[in-house]
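Below you will find the structure I want to go over with you.
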Amino acid sequence: MEERICYFNGEYIKESEGKIHISDWALWEGGVYEVARTYDGVPFKLKEHIDRLFNSLRCLPFIKFGLTPEEVTDITLEVLKRNEKYLGPADDCRIIYGVTRGMFFGDPPTGPTFYIYTVPLAAGYKRMAKWYQEGTHMLVVSTRAIPPQCLDAKIKHTNRLCNDLADYEAKRVDPEAFALMLDINGFVTECPRANFFMVKDSKLFTSRLTSCLAGITRQTVLELARELKIESSETDLCVYDLYNADEIMITGTSYAIIPVSRFNGRVMPTPIPGAITGQLQSAFSKKAHYDIVQRVLDYVQTKD
Amino acid sequence: MEERICYFNGEYIKESEGKIHISDWALWEGGVYEVARTYDGVPFKLKEHIDRLFNSLRCLPFIKFGLTPEEVTDITLEVLKRNEKYLGPADDCRIIYGVTRGMFFGDPPTGPTFYIYTVPLAAGYKRMAKWYQEGTHMLVVSTRAIPPQCLDAKIKHTNRLCNDLADYEAKRVDPEAFALMLDINGFVTECPRANFFMVKDSKLFTSRLTSCLAGITRQTVLELARELKIESSETDLCVYDLYNADEIMITGTSYAIIPVSRFNGRVMPTPIPGAITGQLQSAFSKKAHYDIVQRVLDYVQTKD
Amino acid sequence: MEERICYFNGEYIKESEGKIHISDWALWEGGVYEVARTYDGVPFKLKEHIDRLFNSLRCLPFIKFGLTPEEVTDITLEVLKRNEKYLGPADDCRIIYGVTRGMFFGDPPTGPTFYIYTVPLAAGYKRMAKWYQEGTHMLVVSTRAIPPQCLDAKIKHTNRLCNDLADYEAKRVDPEAFALMLDINGFVTECPRANFFMVKDSKLFTSRLTSCLAGITRQTVLELARELKIESSETDLCVYDLYNADEIMITGTSYAIIPVSRFNGRVMPTPIPGAITGQLQSAFSKKAHYDIVQRVLDYVQTKD
Amino acid sequence: MEERICYFNGEYIKESEGKIHISDWALWEGGVYEVARTYDGVPFKLKEHIDRLFNSLRCLPFIKFGLTPEEVTDITLEVLKRNEKYLGPADDCRIIYGVTRGMFFGDPPTGPTFYIYTVPLAAGYKRMAKWYQEGTHMLVVSTRAIPPQCLDAKIKHTNRLCNDLADYEAKRVDPEAFALMLDINGFVTECPRANFFMVKDSKLFTSRLTSCLAGITRQTVLELARELKIESSETDLCVYDLYNADEIMITGTSYAIIPVSRFNGRVMPTPIPGAITGQLQSAFSKKAHYDIVQRVLDYVQTKD
Amino acid sequence: MEERICYFNGEYIKESEGKIHISDWALWEGGVYEVARTYDGVPFKLKEHIDRLFNSLRCLPFIKFGLTPEEVTDITLEVLKRNEKYLGPADDCRIIYGVTRGMFFGDPPTGPTFYIYTVPLAAGYKRMAKWYQEGTHMLVVSTRAIPPQCLDAKIKHTNRLCNDLADYEAKRVDPEAFALMLDINGFVTECPRANFFMVKDSKLFTSRLTSCLAGITRQTVLELARELKIESSETDLCVYDLYNADEIMITGTSYAIIPVSRFNGRVMPTPIPGAITGQLQSAFSKKAHYDIVQRVLDYVQTKD
Amino acid sequence: MEERICYFNGEYIKESEGKIHISDWALWEGGVYEVARTYDGVPFKLKEHIDRLFNSLRCLPFIKFGLTPEEVTDITLEVLKRNEKYLGPADDCRIIYGVTRGMFFGDPPTGPTFYIYTVPLAAGYKRMAKWYQEGTHMLVVSTRAIPPQCLDAKIKHTNRLCNDLADYEAKRVDPEAFALMLDINGFVTECPRANFFMVKDSKLFTSRLTSCLAGITRQTVLELARELKIESSETDLCVYDLYNADEIMITGTSYAIIPVSRFNGRVMPTPIPGAITGQLQSAFSKKAHYDIVQRVLDYVQTKD
C-alpha cells in the first residue's frame, strides 16, 4: 500500500520515514509546531498559520530557521499536492509543522530540524459529530497554565505536558471532558489545544492572551463577531463567569467551533448549539465555504 | 565504520537508526528523560538515576510505562556492554534515557516510546578542563523558572525551552557563561541542566527543591558535605546572597562540580577552586573512584 | 407587641423564631446571602437581586436549592406584604435572604436552609443623613481581599471575616471610616459590603470584578453613567489613583450612593457631593422614584 | 425520648433548641469554631483545643468574648457530664464550640453568641472502620487555599466554603475521596477539616503552617514522631512529593490517623497502614489510652 | 565664569551651591522629583509636569509641601528667566525639581527641602542624534519593577536603584542599549526614565499604568494618536508582543520619541523610523513648535 | 560654637558643610547607607557594619567605590576621634555612612560620593527610656515590603519611601507606634529601620531574610540566643503568630532591644520586658559592656 508523503529537512519522503533522531533538541528542551487544516482541500487561513509559526520562532532566537514564509507556503502546497491522492472522498487533512533546534550534540551544530506532514481528518469525524450534536463537557482542573515570564503560551511550543496533566484530570471525571486550565492568578486560560468562548447576555467573552495561545480559530471567531455585530470582549474571566454563562463553546483548528453542553457538571441553560454559537458556526462555515457541522454529520451518516 | 548501539522500544539497534516518528507525543507535548554517566566504565549512582526516572513518570500517569526499575537497569547494562568497544581509551559516556507517551494519532494508542543511548564524554573534556581550571561565569537572566503548580521542575521533563531562553540571554553577555534562573518570586533556582551551590562563612547553601531539579550530583554533594562535616542548607537564596558568596560552584552529571570564577561580572574573592569547592571535588572523586578534575586535565594534555 | 414575619424553610413565622440550628452548615463552612431593599415599599431591582442569588448558588453546586427564581420572587412579595403593617410611615426595609447547605450531621442529609426576612431602614437614617451631608472617610487597610481562585468575591457568600478585619482596622483610625481593601496584587477592590467609584477629569472609574462583588448599585451606577453620557471604566486602580481623584463615592443597596469627603486622611479637593456624584445621586433617585438624599434628610429632620 | 443538652449563651438547654438567630453575624461574615473529642469519655488534649479557640479569637479582636479559658473548660466538663447518659456503650463524642460576634443589627450591639454541643461519634464508626482498613483516596483539586494575608487558615474560622468546593471536586472523581488543596503558589496545604502527613525514606513530612490549620492531631503526631525518633519536617511540599511518597496519612480530631491507599489514582507502593503510619497509630493509641483502630473495628463488628 | 542659578528653599542661588545636607531625608528614604524641558525656551506641558509633581506628593502625605501649583509655576518661570543668558544658541534645557521631607534628625522637624534647577540639553544632542538616526537597542532584563502595593511607579520618586540595576544589565550586552523591565507577573513596564510604545498592524500599544510612570510624553503620544486616528491601547504586553512588533519607540521628556532598531538582538523588520513612529515624531514636533529630530541633527552638524 | 566634623569625599569638614549637590545620583535613583553606633565611645560590631556596607555595594556594581574595608575603618575611627570632644558626658553617637554613584550629569562621570558623620544619641534617650519602660505599640500596615527581585531589602539602600508610608499609617492610629510591614505574600518582614523578634513557648522567632534587612542587632540577638540556649528560628511568620506571641521585641542599632507592649491594639499577656526579652537585653548589655536599659534611664533621670 502506498503511503503519504511528508517534508523533512528539504526532502519529500514517505511519512513513515519522517523521523527525528533521539538526540534531537526536541527530546531535550522542545521545539515549536503549528497545525493548519484544509476545507475541501483548500488550506484555511494558511497565511495566518505560517505567520504564527514565524512569530513563535522569533521568540526563540536560538533556533536558526533559514526559510522565509513564502518558502514554507510553497512547501506546504507541494506537500498537499503530493498527498491529494491519499485522501478519501470528502476527507480533509490537518497540516502539521515542526521545527526544532537540530541535534543536541555535535560541533558545529547542525541546522534546525523542520518537517511538514498531513493527517486526514475523517478518522475523527465520528467523535466530532458527537461533539457537534451533543456538546462537550468542560471541567476546571488543578494544573495551572505556565506564566508568560517563564514561557509564553502565545508561542506554539511543544512544552505542553501540563496539557496532558490537565486532560488526565478532566478525563478522570468524565472520559469525554475537555479540561479548562486557570492561570496562576485563577483566571481562565484555555483547554489543551483549544480556546474557548462564553456568551452572557448576548455578548461574547474569551480570555485575554496573557496565558493562552492566540488561536487562529479564536481570532476568526472574534472577526466573525465583529461582522455579525456581536459585542465581544477579551478579558480576565473567572470560574464564576463560566458557571453563569448562557453558552460556552470550544474553538480549535480541526473542528472550528463545538458547543459545551455541561460546565463543571452543570447542564447549560439552553439546548446546544446556543443562539450565538449557532450563528458563529454558520458564519464560520460561510467563511470556510464548508458547512463545518453538516458536512461532518453527513460523512458520519454515510459511514454508518 | 561501525557505530554505537542504542536501545529503542525493545530492540538494540544502530544509534543512527534510533529515531522517533514526527507524530510522536514528544513533538506535541513532550516527555521525560534522564542522564547518567559512567566513571571508568562503571555507571555512577545508576540506581538513583533510574529511581528518578520512575519518580518523573509517576507524576505523568498518562504515560503507560510497562517496565520495572530492574528491567531498565538490565537494559542499561546491556547497552553499555554493547557499546564498550566504541569508547576510546580513558573515555566514558553519558547514558541517556527518553520516554514519551507514544504516537499522538491512532486508535488504539500505541504504547510508550522508550530509548536508551550513550554519548562519549571525551569530546567535551577540553571545555570541561577549561571550566575546572579557570572556572565559569554565572549570570542572572530575565527568564523565570516554571512554578511547580504548572509543571514541577523535579520531573526531569523535556519541556525546557526556558532553558534555551536563559542560556541565550547569558551567552549574549559572555559566550562562556552559565545562566542562572530565578523563580517567579525572585529566588534563585538553577542553571539550564545544572544545579548550583554557594559557600558563605564555610557553610554550604543551595536552593530548595521548590523550583529546580533534584540533581543526583546535587544530592551527592549534600551527602559529601555531611560526611565532611560541612554545614549545609537548602533555602531560598537571592541574588544578594550570590553577590556576597565566598565560593560558587555548578553541579551536573557530566562534570560533577565546576567552580564559578565570576558572578554577574564580579570576580569571586578567592582563586578557584575555593577551599570548600576543592574539598568537595576531592571527596566526589573518592566516591566515584575517579579524579574528576585531574583525569580530564590529563586527557586533554595527552591530546594537545 | 406584634412582630415581623419571616419566611423560614417553607413557613411564614415570627421573625424572632427565625433561627438556624447550631449544627447547620452555615456554622461550619458558611452559605450565601442576598440583600435587596424597597423604595416606598416597592422592591428595587428585585429581579437582579434574585438573579444574583441564583448566580451565587450556581457556583456552589453542593447546595441543593430546589426553588425557582419565580418562587423566590413570590415568597419575597408575600414576606413584604405580611410585614407592611409593621413599617413606620416613610420607612422602607431591607429584604435579606440566606441559603445554607442544611444540617452538617445526619444521614440522609437534610435539604438546604432558606430564609427571608426584612429589616426596617429608618433606624439607620440618622447615620445615613450624616454620610450624605458630610461624606465619609475612606481608609486603605492591610487585610487583602480573597483571590477568585480561592473563593470568588462575586459569590455573595457569608465567608467575610476579612470584612470585619478590614473594618476593625479602619475604625481604629476613625470610628466613622469605611475600609478599602486591596487585592493581593495591590489593586483596589471594595469596602466591606460596598463598592466604590472615583471620578478623575469627569470620567468615572471603578475596580474590575476580579476581586469584588458585582454590586447591583454598582451596576446601576454604570448604567446611569451611560445614560448621562459620563464616560466610565472598570479597571485596575491603585491607591495612587484614589489619592488623586476629584471625587470618590461609595455605593451599596441601603444608601445607594454616598460621597467620600476624605481619602486616607486627605480632604477631597471639592465640596461634597462633587458634580458627578450629585448627578448620579439625582439620576438614581429618578430611577428609584425616590429622592435618595432628600427623603432621608427630611425623615431625620422630622424626628429631631 | 430525652435529648442531649447544649450550652448556649450562658444556659444549658436542649440541643434541639440550640439555635442562632438569622440575623446573627455568623450569617453575614462568619465566626470561629472548635472541635475536640473524648476517648472513653475523657476529653483529649482539651487544653490545647481551648487554647486554640482563644488563639483564633485573638486574631478577630472585634469579637468581644468575655470568658476565660478556665471558664470554657468548666462549661465543657459540665456539658459532657450532662450528656453522659445519652451516650451509648463504647461511644464517645465530639465537643463542638462556636463563637460569633452576636447580632448583626441592633444598637447597642449584643454580646457574642457562644455555644458548646456534643455529637456522638459511633454513628460514623462504620465509615471510619473502612478508612482504617482500606485506606482513603486523596485527590488534588483546583480550588486553592485562602492566603494568610486575606484570612489566616490557622484561625479555625467558619469561612470555609472553599472546603466544600474542594470536597465537591474530589467526590466527582471518587465519592470516597478526600480533597487536597494547594495554596496559590502550588504548595500542598490540607484537606477539608484534616491535615496530612507523608513518609519518604522513613522521614515524616507535612506542610508548613503558612496556609493550613494547626491541627491538634497534627501537632500530636509531630510530638509522637519526636518520641519515636522518627525524623520529621514541616516544609513546602509539591504534588510531586506526594506522587513519590512511601506512605500518606490524613489526621483529624475524630479519627486521629487514617492511611491513604491511593493518591491521585496511584495505588500507594506498600499495603496500608504503612510501617510508620502503623507506628504512629499505635503511639497515638497509647497516648489516648484508647486503641484508635481496634476499638472502632470492634464496635463495628459488634453492630454487624 | 558666571554660572547658572537654581532655586533652593526660597532662594535663588548659584547652582553649584544647590546642595542638600547629608542628613536630609532624601539620603535615608528618598523623595520625589520631576523633569520638564523647554522647546526654544518655552516650557512644554509645564502644567502637566507641575500637576504630576503634586500628584506624587499627594501620595506621600508625610511630606509637608506648603506651595501651590501656581507658586511652583512662578518659581519655574523665574528660574528659566534667570538662566536664559547661560544657554547657548539653539540650546534648550531640562527643568528639574526635587522635594524631600527635610532633615532626618531634629525636633521640631524642619520643613521640606525643595529645589529647581536647569540642565542644558545640547550637551546630549550628539547621542540623541545617533538615536534618532540609527535607533536604539532595547533589551529585557532580569530586574523586575516594584509593584504598586509597595511603592507606586506612578509616583515620580527617587527610589529607583532598580533602574540602575536594569541599566547595568542591559549595558553589559550592549553599551548603547535601553533596559526594559518586566513587572513581577512578567508584563512589560518601562525603561529606566522612559516609557515605550510598539506598533503592530498599524495599531499603537503601550503598557498599562499599573507598574510604570505616567510619562507626560507617553500621554502626549496617546493624544497625538487620537488626533491622527491611530488606534491605541494601554494593555498588558509580553516579551512575545515586542518580538513580533512592527515598530517600537521609546518616549521621554528630553528626546520625545526615539525609534528602536533592535529588540533583544532582533533587527526590527522595517527601517527606522517606522511609518507610525515617523508620523508621531512629526505630530509631536508640530505640537511643540519644534522639529524634534531635525533640530537636533542640525545642531550636531553645525558642531561637527 | 564649634561644630562636629564629618568626612566627605576625602576631606574632614564641618558637618554643616557636608552636603551633596542637587544633581547627585542620590536625588535621582538613591544610594546606600549604613548606621553603626558607639557604646561608651567604642564602636559596636564595627567590622560587621562595614562588611554590610560592602555587601550592599557589591549588589550595586554600577557604584564604583574605590576604598577598602580597612580604609573605611580608619576613616571611621578618625571621624570618631575628631568628634570626641563634642559629645556630652555619658553620650554616645551613631556613625552614619552614605555612598552614592556620584553626579548624575557630566561626562566623564565623577566618582562616587562618600560621607561619614556622627549623630549624638542622648537627644533621643528620653524617647528610648519610655520605650524601655513602657514598651512600644506595633501595628500591621497596608504598605507591603519590596520583593527581592525588584530591590533586595538586604541591601541597606536609601529607597525606603515605603518605610515612610508604613510609618505614616501606623502613626495615624497611635503616634507612638511602630509599623510592621508584610511582604507581598502576607508574611511579616520588618519595621521601618528595625527588625523584630517574637517569643512563643520560650522559643525565639524572627522573619526570614527574604524581604528584610539583615540587621546587625538581629544577628547579635540570634547569637546571644544560641549562647543562652534559647531555641531560635528564622521563618515565615504571619500576623496570627504575632497576635498569639508571648513576647515581642524590636531591634535596632540605636536602642538594641525594646519590648513591645501592644500588638495591633492587643496588650501583651505579660508585663514588659518579658522573661526572654529581659534575658536578651542583659546578655546584649554584657556583650556591649554597657547596660543598654539602665544607662539610658539613668541619663534621663539625671536630666529631669
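Letters are used for the chains, namely A, B, C, D, E and F, taken in the order the chains are written, and counting of residues starts over at 1 for each.
The rule is short, and it goes like this: a contact is a pair of C-beta atoms (placed from the backbone, for glycine too) under 8 Å apart; a residue touches a chain by one contact, two chains touch by 3 or more.
Keep in mind the model is a prediction, meaning the values are calculated, not measured.
Considering only mean CA positions as chain centres, point out the chain farthest from subunit E.
D
Relative to subunit A, which chain's C-alpha centre is the most remote?
Measuring from the centre of subunit A, the most distant chain centre belongs to F.
Select, from E-F and D-F, the pair of chains that is joined by more C-beta pairs in contact.
Higher contact count goes to E-F.
Rounded to the nearest 5 degrees, what is the angle of the rotation that puts subunit C onto subunit F, matching CA atoms?
Copies differ by a rotation of 180 degrees.
Do the two copies subunit A and subunit E share over half of their interface residue numbers, or under half; same or different?
Different: fewer than half of the residue numbers at the subunit A-subunit E interface appear in both copies.
Distance between subunit B and subunit D based on Cα centroids, please, to the nearest Å.
For subunit B versus subunit D, the centre distance works out to 43 Å.
How many Å are there between the centre of subunit D and the centre of subunit E, using C-alpha atoms for each centre?
From the centre of subunit D to the centre of subunit E is 58 Å.
Measure off the straight-line distance from the CA centroid of subunit C to the CA centroid of subunit D, and report it in whole Å.
Taking the mean C-alpha position of each chain, the two centres sit 34 Å apart.
Mind pulling the subunit D residues that touch 2 or more other chains?
61, 142, 144, 147, 149-150, 155, 182, 184-186, 265, in rising order.
Chain pairs that touch, all of them, please.
A-B, A-C, A-D, A-E, B-D, B-E, B-F, C-D, C-E, C-F, D-F, E-F
Considering only the defined contacts, which subunit F positions touch subunit E in the complex?
That would be residues 6, 8, 16, 18-23, 25-31, 33, 60-62, 96, 98, 101, 105, 107, 115, 117, 119, 123, 142-147, 149-151, 155, 157-165, 167-168, 184 of subunit F.
Under the stated contact criterion, what part of subunit A meets subunit E in this complex?
55, 58-59, 61, 147-150, 152, 154-155, 185, 208, 210
Touching residues of subunit F toward subunit C in the complex: what are they?
These residues of subunit F touch subunit C: 140-142, 144, 172-173, 182, 184, 186, 265.
With touch defined as at the start, can you tell me which subunit F residues reach subunit D in the complex?
Subunit F residues touching subunit D: 182, 185-187, 236, 238-240, 243-244, 264-266.
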